[in-house]
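Down below is the structure, laid out as structure tokens.
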Amino acid sequence: MRGRTPLPLAILAALGAVFVVLPLLALVIRAPWGDLGSALSGAGASTALRLSVEVSLAATMLSLILGVPLAWVLARSSIPGRSVLRAVVIVPLVLPPVVGGIGLLAALGRGGVVGRWLFEAFGLQLTFTMWGAIAATTFVSMPLVVLATEAGLRSIDPRFERAAAAMGARPGYAIRRVVLPMLAPQLAAGAVLAWARALGEFGATITFAGNLAGRTQTLPLAVYEARVTDPGGAILLSLLLVVLSIVVLVVMRGRITAAR
Amino acid sequence: MRRGTALVPALMLAVTLSACSDTSTLASPTELTVFAASSLTAVFTDEVGPAFEAANPGVKVVFNFGASDSLAGQIQSEGSADVFASASGTWMDAVAEDPGVTGRTDFARNRLVIVTPVEDPGGISTIDDLANPDVQLVLAAEGVPVGDYARQALEGAGILAGAEANVVSNEEDNASVVAKVAAGEADAGIVYESDVSGPAGNDLRAVEIPADVNVTATYPIAVVAGAAEQALAAGFVDYVTSAEGQASLESYGFRPVT
Amino acid sequence: MTLHAAFTARRGDFDVIAELDVADGETLAVLGPNGAGKSTVVDVLAGTLAPSGGTIEIDGERVDTLPAERRAIGVCFQDDLLFPHLSALENVAFPLRARGEARSQTHVRAAALLARLAPTVDPRTSPSMLSGGERQRVALARALAPEPRLLLLDEPFANVDVSARTALRALVREVTAGFDGATVLVAHDPIDALTLADRVTLLEAGRQTQTGTPEEIRAAPGSVYAADLVGVNLFTGVLEPLPDGAARLVTARGAIIVAPQTRLDRIVPAVATLKPIDVALHAAEPEGSPRNVVHGRVEEIAIDGERARIRVDGEPPLTAEITAGSVARLRLTRGADVWASFKAVEVSVVLTEEEAVPGTLSG
């Protein structure tokens, strides 16, 4: 129900809105719109854009494939140590992304704990590759999927699954036809959040996957590289990122905050 | 309100206040802000800074290290630097144009060196090996002094195209290149001689670049126009070019100007 | 098909011990106060709660070893538990789809069931758009869809508002009458049990205190709860419509005036209940509005603190509940002459014949 907003609340809200909108507005004002054509048509911009889309989508998919079952275990299973597991899974959210990148290097880098074996036995290397960028991005995005999905699972009345069983549905059928559809809004919200985070991912990517145009240089990395040598171009690239984000967020509209 | 809920805002207030407050309100020392290229991190932090502070009681030197191109950009947009020590003349020229510098003088030289991990997974023994197939080479990005110098040297050796094809990552500064190579992630990188002489050198293996293709980086230092501490800044520049300062630089792998 | 179940189950901090025998076509009501363990009984029979011991047999086959989805049961839950993301039709079709039947086939059967049991419901609507009564009708259809051998109804009227309850009760009665399997109905309101069940078992604090037909329990209530139950006045007979829309329920012993929910056009069999608290007692013939006045003799007086239950032998016999003070004021003693009155609208009527349930009843 919508009512009148008390004045102090309205003032604070306005301040909050201004605080967030101002940098975006400043970008628009400072942008060298005359150079728009050359900046965006340059190979660098379109390559970085393509890479950003590919990496963020792949990372979101991976986050869903791994994150949803993880959320299931956290919400529904009775294995011991769940609360510790949950805390660990959420850690990438509070960790500075660069630290996450260093951790990934230590684990999956060519000289890393597991990476060393992958490289020596199979010649597989994640660093300096697009898959490395996907790995780094998944690392920071998956917690968002896990959080949203676990909350969603907890909010579903468990009696629905018992009802489904009483109706003759085997557990697999009940999950597919009852739980997942009821979970859909939360899953979508989690996916959108994860995707948004993936799109803006920088620190872990540059630390673990490196920075090479066409292979690992996503839009945020391109912006970072351009910012000193071509500040105008950096602003235009930044705006490209902003537009891309806004497009998807608008498409998803109220789903992010709607519980059901 | 339950007791616990008052604790959180109180904690937040305390943290914010402590972040804002000057930690040395008692003596209120003068701060000298020095923007310096990353390659100077070790020598300035461990020797030059403390020595200058010792010689000038009441002065605290605050360093901001980074890639020279990045630092130049910061000086131009934010100011706030008293001294700028760059790894290349190009970026000093930029700052000289805007906002301007005084007392510009070259204070050190640095040469390039190829580094590989201690185990040398790439089998690098000469500069030409950098163009070998499947070698994973890490350089600083173009625009970063050491990145430009490296490409210059590679061109001089006639292998720029082959080496560029082997570049797997363009890092933001020499420190990042050192990190990737020292960790064994890349087969080789090109950094400064001064980078190998520091503690990181223990994880690195150095391969010399022939003198005829090697690039010598000349480091200029200057007082930034409009700096808050003009006199102190000039004093810092003097210290760096003094016999003491030069000796420190040499012990960290830098070459003298003359 | 027959159900024979004898089991113990643990729920929270107490045990439920139950033994149930229900024959083909029979409806057994499990009646008890809140917290007695009634839902536990349903959960064990449905298979969603594992008993700590005992067996459940349907037609002689052990089913307690089977998981819930393999038992041939149909369940109608207290909170209907219709899947919110499916339409009414898809809900009803769910049990059929769950066992692998093709969609078109299941939709045809589901549509037929819906048309019969919930004719006012558009099959394509989402359950959130339906009233409580409509939802229970859909839930009932869903329970019946797989042609189960055992029908479990867990307090199906709990969340249905009073005005819709009568019609729903009639529907359930019609359904159970035509159902050739066994039905176990769990109820909190004795009216549900009395109007729908062939036999009743009383469950109090996890133990069955009495099992029998409503008449048997009435004749010899075995516990305080049972005694309270039998206090409900039950009338069985035929309804004769009256010109003003009311009707006369003629029972074996006397007739009463009632106000059925819809207009009747002919004589139909019916069952009616009246709460003792709605019966007023008078020392002399009362004047004024009540449509029903019964002159009789006080058969029994039971005083319990401030309340008193008076059994009056009249045409028909009645139980009234009044205050202890009124007993004194009216100078009631065993054998005393007394007039009992109640309003026609306070009698709850359930028609017991199929065609008598018109589709225009709301809810």
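Note that the chains are named A, B and C in the order they appear, and that numbering of residues resets to 1 at the start of each chain.
We adopt the following convention: contacts are C-beta pairs under 8 Å (C-beta built on N, C-alpha and C of every residue); 3 or more make two chains touch, one makes a residue touch a chain.
Quantities reported herein were computed from a predicted structural model and do not represent experimental measurements.
Here the chain at the heart of the shown protein, by mean C-alpha position, is A. Comparing the centres of all chains, each the average of its CA atoms, the largest separation from chain C belongs to B.
The mean-CA centres of chain A and chain B are about 33 angstrom from one another, to the nearest whole unit.
Centroid to centroid, with C-alpha atoms defining each point, chain A and chain C lie 54 Å apart.
Chain B and chain C have centres, each the mean of its CA atoms, that are 85 Å apart. By the touch rule above, chain C contacts chain A in their complex via residues 43, 46-48, 67-70, 73, 75, 77, 79, 81, 83-85, 94-95, 97-99, 142, 146.
Chain contact summary for the complex, chain A toward chain C: residues 157, 159-160, 162-171, 173, 177-178, 181-182, 184.
By the touch rule above, chain B contacts chain A in their complex via residues 67, 69-70, 72-73, 117, 121, 136, 138, 141-143, 167-172, 180, 183-186. Contacts from chain A toward chain B in the complex involve residues 105, 109-111, 127-128, 206, 209-213, 215-217, 224-225, 227-229, 231.
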